[in-house]
Amino acid sequence: MPDKVRIRITVNGTRHDLLTEPRTLLADLLRGDLALPGTHLGCEQGVCGACTVLVDDVATRSCLVFAAQLDGSSVRTVESLAGADGTLHPIQQAFTQEHGLQCGFCTPGMLMGACELLERVPEPDREDVEEALGGNLCRCTGYQNIVRSVCAAGRLMADEKTEQSGVRA
Amino acid sequence: MSIVEEPVTETRRWVGQSVARKEDPKLLTGRAGYIGDVVLPGMLHGAVLRSPHAHARIVSIDTSEAEALPGVVVVLTGAAAAELVDPMPAFCAEPVEQRAIAVDRVRYPGEAVAAVAATDRYTAEDACAKIRVEYELLPALVDPVAAMEPSATRVHETLDSNVVFHRSLDWGDVDGDLARAHTVVRSSARWHRMGAHPIETAGAVASWDPYGQSMTVYSNSNFINFLPWAFAGILRVSTNRLRMIPCTVGGSFGSKHLITKVVSITGALSKACGRPVQYLEDRTDNVAANDNVGCDRIYDAELALAEDGEMLGLVLRIIDDYGAYFQFAHGQHGNAVAQPVGPYRIGSLRYDVSCVLTNKVQQGFFRGAGADPGNFILERLVDKAALEMGIDRVELRRRNFIRPEQFPYKIPTGNVYDSGDYEAVLDRALEIAGLDRWREEQERLRAEGRYLGIGLASCQERSGYNASEWWFLYGDEAPLPATSTPESCKIDVDAMGGVRATIGCPLWGNSPETVVGQVVAEEFGIDPSSVSVAYADSTSGAISAGPGGSRVTIMLSGATRGAARTVKDKMIRVAASAMEMDPEDVECVEGVFRAKGAPGTSMTMAEVAMRAHLFNDGTSEAESSGLVAVHTYDHPYFTPPTADRSDLGAFYPMVSHACHIPIVEVDPETGQVTLRAYYVVNDCGTVMNPALVEGQVIGGIVQGIGAALMEEYRYGASDGELETPTFREYLLPSMHEVPEIVLEHLETPSPFTEYGVKGAGEGGRLVAPTAIASAVDDALRPLGVWVDELPMTPERVVGMVADAQGRR
Amino acid sequence: MKPAPFEYAAPRDLDEALDVLAEHGDDARVLAGGQSLVRMMNARQVSPAVVVDINRVRGLDALGVTNDNGSSTLSLGATVRQRTSELSGDVAAHAPLLAEAGAHVAHAPVRARGTVVGSVAFADPSAELPAALLALDGLVKIRSRAAERTVAADDFFTGPFRTALAADEMVVGVEVPVTAGRSGSAFVELTRRQGDLPVCGAAAVVGLGDDGRVAQARVALCGAHQRPVRVPAVESAVVGADEPSPFTEAAARAADGLDPVPSCHGSADFRRHLARVLTARALSTAFARATSPKETTHA
């Protein structure tokens, strides 16, 4: 077996210093070694987008990246979104409000893709959502409510911001 | 049968509302517990080596190098697995045996030839790569028509012919109707094989206890509380020593009813090493070998009409390519004869079906389950009749619709349609589509040399199947002539008044928890969010056929309402006893038990519950302590088939209906079809939860867009090799292919079900393919194109245009 | 499926990377964006013994225009992401065809990792970027431990997934000459589904003379042959045109002599048909862009 590779990687804010086989895919590192099962593998070919996570704030197919490549990187998964007290992230709130999910298997990839988009484009329209999530496949919803959810999330987050600044003022 | 008597004036608080989905938080946070998330101490990981060939004899298998690899615990060939597990359960009468790992011969590309369990999946796959298999190639049967030839190589030596099943049935005077018809419209049609392809593949974790001779299996299967003995049979475990545990399922669309091959392989590996083993199909395993393949049909059809356009009789001759095995028999035709005549008053039907075996993965089930191509051919014939007879396609449909006062309506095969108002649906669809505006747009674009088309289809969605559809096309030889398709729910109210429902069906991507919450809330007048819902494993005694055939909301609401009412009635008796009243005078309103009409004295849920649990002082006669009820809801309206099958009985009688109007633009040079807009009016009886129904319908429509334009299994014409093994070749629609879909509901409640609900799970996919075909036709009418094959890939569209031009 | 085992090298400078290639040759594969390589490794269609991750190699991520003796060149290093190229002002100004073709490649998250040079080196006969590079008369910059050479794109692509690259060499960048004058370009394609590899695509660059007639044209196709390919017969036939109607007749020759790789998405005949249709469309759009003041672009 080839030598293991040492990586220092931050996942959802927690620092890890680990040895990994060169061939370990990021998705498998997350699901296996780090016990974060929220990242789902749908095709292992980069086609379906279910395994999308943020690597240094960029939406990335975790089935097409070796963990060994990520020494020094910071990764965010779906587990980073909701609060430990049970408070859903506004993106998650929007998905439940707009019925943007059914079986939930593609959902973590959709949420993380949406997360990147909303950090770039705070109030996206349908075209923005298609550009960001057009490569994420969903077999249940027919997408219409996913688009609505992401747009609604933008509005929710904007409202939250207004409220917060209102409180500060 | 029983007709549910529902006061028309009944006001409902929760049924009919877009109640927030109970399932969402766990799904949104990555903690739903899918099969891939199951981790047991000491668990190994499986991988499967599959045949690259469509048809071959296995000359030899050398596993020595694989076994020598560090981390590899077990390597099983088909022969070794046969020592541990039995063949798949067969619903067919014919001698077609299928094992999860092939023995001696592979019959389709992707058939398993060996399986490995190792310390991790990577190592298991390394081992697969080191297994040496020597094959002797046999002729690959790819074309079903060629496979029917008596001289063709047989897929199974146990059969006399590759035509594994043939039957022709007449209902009504078909020949008479053909003879007296003014016009007989003929059409052939080709519906290629498509697959369900949920984003989560099938998987299982099996844990064999060699000392107790018992097995625990986690899986994303469905029938664990319906046919658990079938799993026990394959795994060679006593039925009462097998525990099947459901997991949250990442989509199924019919593909995960049994997943017996996956369960069998996982169970065999666990038995071989006495340790827990997890096997998850990868995408190629799933595409190549899962039983998620739908129909693969060639139609030769005729519709006989009188001079005024009255539809008289229908002839459907079908060749259906079943692939290499026949595990589920001709079930998809049992399904299709629930609604072969659609929403029309067609008096006679000839149904002539030949099921043919070839070297492809066997058919399983996929949303629509046989009725999908049925709607395609029927609506194609109706459009063609309109064209040939010079009657407007809308008018022709109007003239032939079953009228509202004719329900319940018995169709020629014997199935019964419960209720509907098809013309109202059609009218409303035409209205919301703004047809005149689109006709103007069509004219405008034609002047620019562009091709816009307006589609139309009015179709049925039979829902709530009964098991008779699996076998009634057989005569006495049917191996399992079951007549029950039940669903159960257990409700218990704990001593503090907390309500818990336990259901036998798994979470398949639909919303059983939400539905149960709504029904319990409706019955007790409490908030649905306060109801907790759990999933039963196979040791609970729950009986559940689960999701499938658009049944689960119908059946689960019936089961839940029954259990809730039993518990509520007992609570009324307990409360009445405590308040020294006659139970007749006590009601439960918003979770409070009080005197009817005089809400002075009252008891809360908790007060009544505590009394029922811990203060059973004998005041309520013959009542035991506690508050628990199980209600099993059997099919609400089933009649058995006659012995001669001149009447198949009522087996799929809750019939939803929809009218779809898609707008497409076609580029005849590149063959690209683009959806511009999509309008739907849907009638699925009482809408339990509008948001959820809308989600089901729109999701189904988008699968229908896939069926119309892109989804297809393709096999090499000469070698039978699978050309579409990944999502790069087998294409699912993406966000980009979907237009804004405008959806409205009409409600004609079912008289057969609780609350009047009908099914809504398959309708989108049952209607969209044929509606889009009619839109492409309409677009290319100036070029003389007639669509008779799906999917309409760019190459096919260009070919159709060229053929039409060549005919001119 | 999961990849087979391999040794992982993550050199910090180019010489170190070239050393690994020199040592392992065909047993090594260069990993840049990995959006094709890792997919193929997952499917075990390729199982290199050594993977050379060049993402940390200094100096390979440069994108810019250089002037040399009056002629300008747009150059992109081996780790320039497709997304970076697509959104780059320099690319938009000097090689809009590259940006337009690039926007068709897969989806944004894939382009955010995938590299322009990686797509060129991978040499998928259906891919957009190699065809764009051909139509732009691009150059491929190649290095090995021993030598450095520059190959014209037309000589670089030799077959399906085959290039002129030797086992110890790697592509370190691509270059596109920047030209002055009135010109327009266009990329059109047919995909089965947006973001998929095209069944067929056409890239065209049209340069106009002072008289407003086509002075020169370059057309390259993907999905239409064993490799991305130029169609000189069409290119010469449209010279002199002062309006788009001759393009269709010229494009009828676009598929002459081509030998497309058939797949489940399109037979060889269908690809030849598309080559003709799309060539005409690409030329028309490129011509319109060259002539329309509003859409004037420089190729």
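Read from first to last, the chains carry the letters A, B and C; within each, the first residue is number 1.
To be clear about the criterion, a contact is a pair of C-beta atoms (placed from the backbone, for glycine too) under 8 Å apart; a residue touches a chain by one contact, two chains touch by 3 or more.
Quantities reported herein were computed from a predicted structural model and do not represent experimental measurements.
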Most distant chain from subunit C by Cα centroid: B
Pair joined by the larger number of C-beta contacts - B-C, A-B: A-B
Separation of mean Cα positions, subunit B and subunit A [Å, integer]: 30
Distance from the mean Cα position of subunit C to that of subunit B, given in whole angstrom: 45
Interface hub residues of subunit B, defined as touching at least two other chains: 121-122, 282, 726, 728, 734, 736
Multi-chain contact residues (two or more partners), subunit A: 1, 21, 23, 28, 44-45, 134-135
Contacts with 2+ other chains: residues of subunit C: 1-5, 43, 194-195
Contact footprint of subunit A on subunit B as seen in their complex: 18, 20-21, 23-32, 34, 36-37, 70, 120-122, 196-201, 248-253, 282-283, 508-511, 691-692, 694-696, 698-703, 726-728, 732, 734-736, 738, 740-741, 764
Of all residues in subunit C, those that touch subunit B in their complex: 1-5, 43-44, 190, 192-196, 199, 263-267, 270, 273-274, 277-278
Touch list for subunit C against partner subunit A, complex: 1-8, 10, 31, 34-35, 38-39, 41-43, 51, 53, 55, 106-110, 112-113, 194-195
Footprint of subunit C on subunit B - complex, ascending: 121-122, 125-126, 129, 282, 284, 669-672, 710, 714, 723-724, 726, 728-729, 731, 733-734, 736-737, 793-795, 798
In the complex with subunit C, residue positions of subunit A that touch it: 1-3, 5, 21-23, 25, 28, 44-46, 49, 52, 58-61, 63-66, 68-69, 71, 113, 116, 131-132, 134-135
